[in-house]
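One chain, subunit A, links the two complexes that follow: it is found with subunit B in the first and with subunit C in the second.
Right after this comes the complex of A and B.
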């Protein structure tokens, strides 16, 4: 599968293209929130006023690409939580008004498929429309859906993900020990060794196609596994490499989802010790924080690096490194693991 | 509550309930139609207005025909509230 175009809203200046011109923005906080663009030129006011943050970010990134590629043959979205803030508002209304008359907007906008549906309605797209919601692998599932869809029909497809921070998921994740108890310097997140991480949010969308004409990157392969056993995980990774007839020396950069969480960073530590040189490590959660579909940001960043847009992500990164092939390894709190190989299109 | 005061309160509540971006109470004329005019409201907004009437004024509109006579503009809505409250 080839990535033809991409768009990203994140806690960095990724939507306006300034991300690669300066140092990444640093935060000292318990959570990092997305920098949203002015949507007035992207979304009609009548629709915008009803949208929660997650839906806005998803539509904003998606519609930007659909203006360039209006004839996509499918819209496939991955999101663990969708418009969670609206969902909680709606649930609270049920309690507050004793299951009486409820406002429809919160309900309509809170369903995870609101983004794919809104994008289709806004562009009169009647093709395949699907949303995947399996937590830390929601984006990968959407990508797998795209891969299978492209085997059956022509492209291109719009594929992407979105996630928003809400008080609800912060509270739940805090109780689970997934959020750091004190403010953290985001740029130092990967070095942190306390419990939990720094929650982030954002949306990334991609135009995916079978043809390599004008492609920005090539997704060679990707695979996922749900396990807490490192031996099972590494056997899986060894098979992944073997299936791709790929040696580690052929990989220029390893994009790792290090999130500074002492609960489950040992998977990354073991992976680094077993497979890779420190100089080839790249990180991304020190830019955007942790969220279930952060893998899509790793794909966005890898594609940009392969395209020659360089930025210093870690201290030991070669200053003008050129990347032909990047291998991404990410896991969501030590259970849902994901591998992906992204290459320069040849 | 006086009619003039009620109309101003209604405008504030409508902006809040419908999250009308960049609209101020002074932008809404008393006889400006909710639907088909500059406000650009739609069928989902009509449901939001029904909920507003119930929550803020204790008035239930259960008959769609009645709703059509009330949800026209600020004048009609305010008069209906004064006639039906309590």
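Right after this comes the complex of A and C.
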């Protein structure tokens, strides 16, 4: 599969293209929120007013690509939680008004398929339409759906993800021990060794196609496994490499989902010790924080690096001039693991 | 490559297990009534397709000691999956094989625990036992832990067409050679979240729903789960085969967040794609299990779509008059009912269809001794998500 075009809203200046001109914005905070563009030229005001942040970010990035590629043959979205804020608002109404007469707006906006549905509606496109909600693997599931869809029909497809911070997930993730108790310097997140991480949010969308014409990157393979056992995990990764007939020396950069959580860091530590040289580590959660579909940001960033864009991602590492092949390893709090190989199209 | 159904399991308002469901369908006994276990102020207002088991009884069926982190959504999924695995006679090794995928779906997931969720999400507690149970994908983790799945997993939420898309995804994975086997389906339970949402849209009926009746005035919500074991022709060997999934279509109506278009464009496109994918003509369809929710909008639009595709309208029913609308579980439960029709040469009467908008003999009685070779099963959801499956006799 080839990535033809991409769009990203994140806590960095990724949507307006300024991200690669400077060092990443640093935050000292318990959570990092996305920088939203002015949507007025992208989304009709009547629709925009009703949309929560996650839906807005998903539509903003998606519609940007659909303007360029209006005839996609599939709209496939991954999101763990969809419009969470609307979900809580509706929930609070149910409890506080004791199931009285409620307005449906929050309910309708909170359903995870609202983004794929709105994109179809706004572009009047009746093509294949699906939404995957497989928690920390929701984006990877959308990509798998895209892969299988392209085996059966022509492309291109719109594939992407969105996730929003809301009081709901911050509070619940805090109770789970997934949020750091103190403010954290985001640029130092990957070196942090306290419990939990810094929640982030964002949306990334991609135009995915079979043909490599004008492609920006090539997704060679990706694979996922749910396990708490590192031996099962490494057996799985070894097989993944073997299936791709790939040796580690052929990889220029390893993009790791290091999120500074002392509870689950050991998977990354073991992976680094076992497989890679520290000089080849790339990180991304020091730009956007942790969220279930952050893998899509890793794909966005890897594609931009392969494309020749460059930014200082790890303090001890000088940016490499050219990346031909990046291997991404991410896991969501030590349970759902994901590997992906992204290459320069040749 | 052919994709066979080698096992299935179901729990719904009609009962726990395939046999109980089949008996009630055969006897035209509805499962829709006043809810006993579900706690909501709407229990006195609307009838529901409630699973007639307490949470404790659901644990007993699974031989589990009462585990307070399992929601009804999880328990339904575990019970139906257990039955499906048993019927398909899968070994532990086969269940845990990397060649076995799990594609599940839910709309409400663990939000069924509305009151705990309210407290946890507003920091009014120090953490309830359901902290790890709320998300749409939480029940997937419970299935993985319980059955020790190690292969590819996915959770889909396309509202009321979710498990139809889970079945599609399973077939696609097998056809591509990515896996040899997929356990596919959906689960949902009655929840304040859903009922208040549907009530705010004013589409719930205070009576037992009457699909395709000119007097219909809304749907009844139900709960339950349906899971199927799909296996490739490579691995079925001499196993008992119940049906084949031969086609599927998915489309978006691109019209309105909670209503289908007057010209039924998504509905028509999903059925057309399914026929093309199955490489059959419309007159090959012997029977349609309709989405048939009994809302004014759905049933009118679905009939418009059917009339557009079929020169002669096939036999059809809506089993939502038995189970209520089980949301994410509807597509897989109805695929299972379709397979029961194929297996038993029996089509089930559609209940309460007084003065139907289009007449069909199944509004009067069951049809026995009928050779049903190919069935279409439709599922449509909010957000315009339309799916159609085609299931055939072996």
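The working rule: the second predicted complex is superposed on the first by the 344 of 346 C-alpha atoms of A that agree within 3 Å, B and C clash if a C-alpha of one lies under 4 Å from a C-alpha of the other, contacts with A are read in each partner's own complex, and residues count from 1 in each chain.
Note that a contact is a pair of C-beta atoms (placed from the backbone, for glycine too) under 8 Å apart; a residue touches a chain by one contact, two chains touch by 3 or more.
Given the structure is predicted, the values throughout are model-derived calculations rather than measurements.
Subunit B and subunit C, once both complexes are superposed via subunit A, fit side by side.
Using the contact criterion defined above for the overlaid structures, shared-chain residue A:8 touches neither subunit B nor subunit C, since it reaches no partner. Contacts of A:66 after superposition: neither subunit B nor subunit C is touched.
Shared-chain residue A:120: touches subunit C; no touch with subunit B. Looking at the shared chain after the overlay, A:305 reaches neither subunit B nor subunit C. Shared-chain residue A:108: touches subunit B and subunit C both.
With chain A as the common frame, subunit A serves as the apex of an angle whose CA-centre rays point to subunit B and subunit C; its value is 70 degrees, to a multiple of 10. With both structures placed on the common chain, the touch criterion links A:46 to subunit B but leaves subunit C unconnected. Partner contacting the larger number of subunit A residues, of subunit B and subunit C: C.
When the shared chain is aligned, subunit C comes close enough to touch A:91, but subunit B does not. By the touch criterion defined above, A:130 reaches subunit C but does not reach subunit B. Between subunit B and subunit C, the minimal CA-CA distance in the chain A superposition rounds to 8 Å. Looking at subunit A, you'll find residues 101-104, 108 touch subunit B in one structure and subunit C in the other.
Chain contact summary for the complex, subunit A toward subunit C: residues 75, 80-82, 87-88, 90-95, 98-99, 101-104, 107-108, 111-114, 116-118, 120-121, 123-135, 137-138, 141, 144-145, 147-149, 151-152, 167-168, 171-172, 174-176, 224-227, 232, 335.
Those residues of subunit C whose C-beta lies close enough to touch subunit A in the complex are 40-42, 107, 111, 114-115, 117-118, 120-123, 125-127, 131-132, 134-138, 140-141, 144, 149-150, 152-159, 165, 169, 172-173, 176, 178, 192-193, 195-197, 199-201, 250-258, 265-266, 269, 381-385. Interface residues of subunit A, counted against subunit B in their complex, comprise 45-46, 48-50, 97, 100-105, 108. By the touch criterion given at the top, residues 17-22, 40, 42, 44, 47-48, 50-51, 54-55, 60 of subunit B touch subunit A in their complex.
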